[in-house]
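In what follows, subunit A forms one complex with subunit B and a second complex with subunit C.
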Partner chain A sequence: MKTNSSTLPSTTMTRAKIFPHLIFAVWVAWLTVMPLMADNYYIRLATFVCMYGSLALSWNFIGGYAGYPSFSTAAFMGLGSYAGAILQKAGMPMILAWVCATIFVSLFAALVGAAILRMKGHYFAIGSISMVEVLRLIASLWSDLTGGGDGLNVPIFQGGPDYAARVFFYSMLVVMLLAWLTTLFVDRSKLGFGLRCINQNEDAADMVGVSVNRYKTIAYTLSAVYCGSVGAIYASWVSYIAPTDSFGILLTLKVPVMTMLGGVGTVYGPLIGSALFVLMEETIWAQFLDYHQAILGVVIVLLIFFLPGGLLKLDYKKLFKRKTTSHTQARRA
Partner chain B sequence: MSTILEVRDLSKNFGGLHAVKNVSFSLKKGEIVGLIGPNGAGKTTLVNLITGVLKATSGNVIFNGQDVTAQRPFQAARSGLARTFQIVQPFPQMTVLENVTAGALFAAGASHRRQAEQQAMEHLEFVGLAPQALRPATSLTLPSRKRLELAKSLAMNPKVLLLDEVNAGLNTSEIEQALTLMRAIAARGITIMLIEHLMKVVLSLSERILVLHHGELISQGDPQTVITDPRVVEAYLGSKFAARQQGVAPTAGVAHV
Partner chain C sequence: MTLLAQIIANGLMLGALYACIAVGFSLVWGVLNVINMLHGSFIVLGGYLTFFAWFHFKISPFVSLPIVCGLLFVMGYFIQYLAINRVITRPVLTTLTLTFGLDMILYNFMNLGFEATPRRVSLDLGSLTLGGVILPVDRLLAMLLAFGLTGLLYYVMRSSRIGRAIVAVRMDRDAAALMGIRVGHIYAMTFGLAALMAGACGTLMSVVFPITTNITGLLLGKAFVICVIGGLGTVPGALVGGLALGLTESIVGNFMGAQYAILFGFLIMLALLITRPTGLIGKKGYE
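Showing the complex of A and B:
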């Protein structure tokens, strides 16, 4: 075939493809050295950036690649918090508790996923959101294990607040990097390609030989793994968890919105979206505490109308051109 | 020639409706068989049963010596039983090449993406879509989308190809091209079952014809026998068509129709 080599969209690294990785590398490097000079407020903010970055990257597997509107984020994170907290309370070393919580949440997601992924569209969305509620009720009612509505105290991390802030920040950063690596792998693998097929036409995907149920379950499980880690780390960090905070509906809505803000089904969309969201929340909305949720609602509506593909999928060249042409036109007039 | 696909007493009921009723037939390796019948006769249902989209109420599908009645569509695809859809089903946000790559990667078992892309490119050249390889699938015209659908199913490396009305909506010259293409596919040794309303296409390609009516197989055999079968004439072809066939080409056979 004479045209093969020339027309194939080669996977070679072009400059345009390396560029985002470079920016990300700089961002991570900056995050890594930042705790050496910044105070605890900024470290706390950066911890949230990494935390939501991990959550958004996780949601992206099922919501972005597979196109299933999952609202299970809070369920996975809350379950991770409780699993980690209970294990730590029972005397397990912190990091081991995090790992066990992660494994537990992943297994949970794989089992639940196999059942709930039979639903599609709105039905799946409602099924996944109801999981958050069910788990919240279990956490409130099973007082012997979870402390019920009183919540659960996690042993406080030794070594002082400055040291603790840095330990938890770097832990979240590591989770975010792991989630990013997993995304990179999925994005380039057969799995990612199959998930995109499912996203665009599930019946056709089935027909070309994609093992649809298996792929969806893998995506759903992947969307839970790092939520579990984040939850367990979060529990150790704040050292007190309660049902309503851990299984928050708001969190489960925020994470998809962050991903959509950046660009669903891309490697960097979730990271950009979550970082921007956290920073905007901290600098702007925090000034209007009463209207916080109203503003979130407005952001969602604006996103749907004006940015359906997210910031990453905007055609900036076109946007720029349109502006310059309108400038020249204005000048002419 | 040995049998590649055998259907035994296959039935499908939707509630009280018998969409497919005790249908039995077999396809031999390398054969081109036409499946005709009026709208609602159960042709697409039959294809859906064979490829596992629908579960049969009773009966068996034997493919390549194995009972595959209960298999899921993705398993059918991997085993070499490919189909096209009556209504084309591309992956809309992917390029033409990516669409075909999916078939090569998931059904034909290409070991990695790059190899699958190379195979896909060969199939695109074969159906004449290579120049459009990098365009979005949705930018194609209807005839090209039908070709894409063909390339996609060819990329699945099928032993049997079920073509569900690949020619519907095409004009005369486009049909001529499609005919050439289908002959070329058959020349590769792929068994083809052709579901078609255009008798011209059916008669010029098929070695045998099956006729489905109200879910039942009312006639099967070589084209000449089938189109003169009174039950087929009554159910589907109509007496005018039969008279024309008899008058125009009683001796020349069907090859020139």
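Showing the complex of A and C:
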């Protein structure tokens, strides 16, 4: 079964629909003023929140709206960080390098997408995971350009750690807001409608005149654009990248998990999921270094069993009601 | 000429192990429609169990093979029965993520329990020389056992009651249920068999290669490539895919280096996925 709630994009804004935007506005405002009083540790954490927020929003285009199990997030992000780092190393100004990296990754995704979107389901999943692996191998083999397994040093940002932390944080925040705006636009446009149709039944969508291939390629490209920017910013931020860190299978699966935690195919699900995930990771799992992966695994298993639609798709009233009825039944028996 | 013969011999010995890696993965994908991210960890677990049986209790790998197989079978059966069966009808995103989550748990505990040091069972059986081609005996034995086990699985799938039931479930789950087949049990048996083959493969690999937890992803990648080359859900397909990949890697690895061999495998796979998504000799239904 595919997800089938929120099938039609609404055109009217009711009061209930403004509420989530208000919460988001408060959250963004808080993030914006936070660096004025917080120290670098919290700014670093907030940078991660924005980074994963952008990645999750990006994945949501192809994985959420179109329902294609894409696992190429790490491929796009890694490619973005390598493109940004190489350009910056060649002497290009930082922001221009970020923009060029974004364009490069988008073009790459459009070309690759046109080819691998011919596959469906399991084959698409395998194909998109393998792309991460192929790019990692290329990055470690092409040592003239990428530095091979030794990695690549990016020129360090001038102006001291405090200033740098704030610059990179605001850059990530801007990317997250852009990804959010794009999501909002897609959610309400014909494109979003078409993607939801593809999600429910691709053949039927094709029959009624949705240009399936074009829509899928657009969604796949959109899922790469902000990953490219995030990657380039990340490379400048940490100032050292290596093939195994940049193209990690863990990252490529973590991002869909974050989106699933919040709610797949919604505007705010990816943001809630990623923020919650990053904060949980920092506060709970980081305390148990030896069991970090196992705890993450348990969280994934619990999420899939008990929260299949994510936090946003939970019907809290119904959940409460069902619990009480089962309770009375148990008492009767 | 001798070099070429040596490369082909190495490729065949590698290919037999690869076929053994992929056959369980292909079974799970073909019958359960699940991409089993646990597969690499199952193989490594099999290898570690063999190593520790040999290291601490001096049990020969060829003796511990059935024990490892049995343990992995029970483990696989219960993982499928208790966990994956609950989400078996959901889309690939869900099942893949679930097996990945389970893999992280298993991987974490293997890392803690066994540490990531590479370990190998060294049997020192010497080597045969056939017309200038060197054939280490341990590799030869591993190859023969890998072929034997793959053949055995083929026989089980074709001729046993359980094998026919698995094929029936693969063809039509609902009709099979109406014929009185316990689908949940058959799913669990299938996953158990796949885990058993992975464990056996781990035992064989521990004799030939050093085993460490870091290679789980590499092994999983091999399973992907072989399944796509050979086509999904057939034992002969996994055999052909495994041998093809073994030979390719042996040739490319010899002339260009090991890293290029892996890259080459993935590129063949991507090209095949785009042009022939059913594989070279793929067909519907598990036989």
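What we mean here is this: the second predicted complex is superposed on the first by the 309 of 333 C-alpha atoms of A that agree within 3 Å, B and C clash if a C-alpha of one lies under 4 Å from a C-alpha of the other, contacts with A are read in each partner's own complex, and residues count from 1 in each chain.
The working rule: a contact is a pair of C-beta atoms (placed from the backbone, for glycine too) under 8 Å apart; a residue touches a chain by one contact, two chains touch by 3 or more.
A quick note: this is a predicted structure, and the numbers were derived from the prediction, not measured.
With both structures placed on the common chain, the touch criterion links A:209 to subunit B but leaves subunit C unconnected.
By the touch criterion defined above, A:193 reaches subunit B but does not reach subunit C. Contacts of A:133 after superposition on the shared chain: subunit C is touched, whereas subunit B is not.
In the superposed pair of complexes, A:93 makes contact with neither subunit B nor subunit C. Look at A:115: by the touch rule set out above, it reaches subunit C but stays clear of subunit B.
The partner that reaches more residues of subunit A, of the two candidates subunit B and subunit C, is C.
Touch criterion met: A:308 reaches subunit C, while subunit B stays clear of it. Contacts of A:161 after superposition on the shared chain: neither subunit B nor subunit C is touched. Contacts of subunit A with subunit B, set against its contacts with subunit C after fitting on chain A, overlap at residues 1.
Subunit B meets subunit A in the complex at residues 51, 53, 72-74, 77-78, 83, 85, 89-95, 97-98, 101-103, 105-108, 112-114, 117-118, 121-122, 125, 130, 133-134, 152, 156. Against subunit A, in their complex, subunit C makes its touches with residues 29, 33, 35, 83, 86-87, 89-94, 96-98, 100-105, 107-109, 111-112, 217, 221, 224-225, 228, 259-260, 262-263, 266-267, 269-270, 273-274, 277. Considering their complex, residues 1-2, 63, 67, 69, 115-116, 118-119, 121-123, 125-127, 129-131, 133-134, 137-138, 140-141, 249, 253, 256-257, 260, 290-294, 296-301, 304-305, 308 of subunit A touch subunit C. Only residues 1, 3-4, 7-9, 11, 188, 190, 193-194, 196-197, 200-201, 203-212 of subunit A touch subunit B when the two sit together in their complex.
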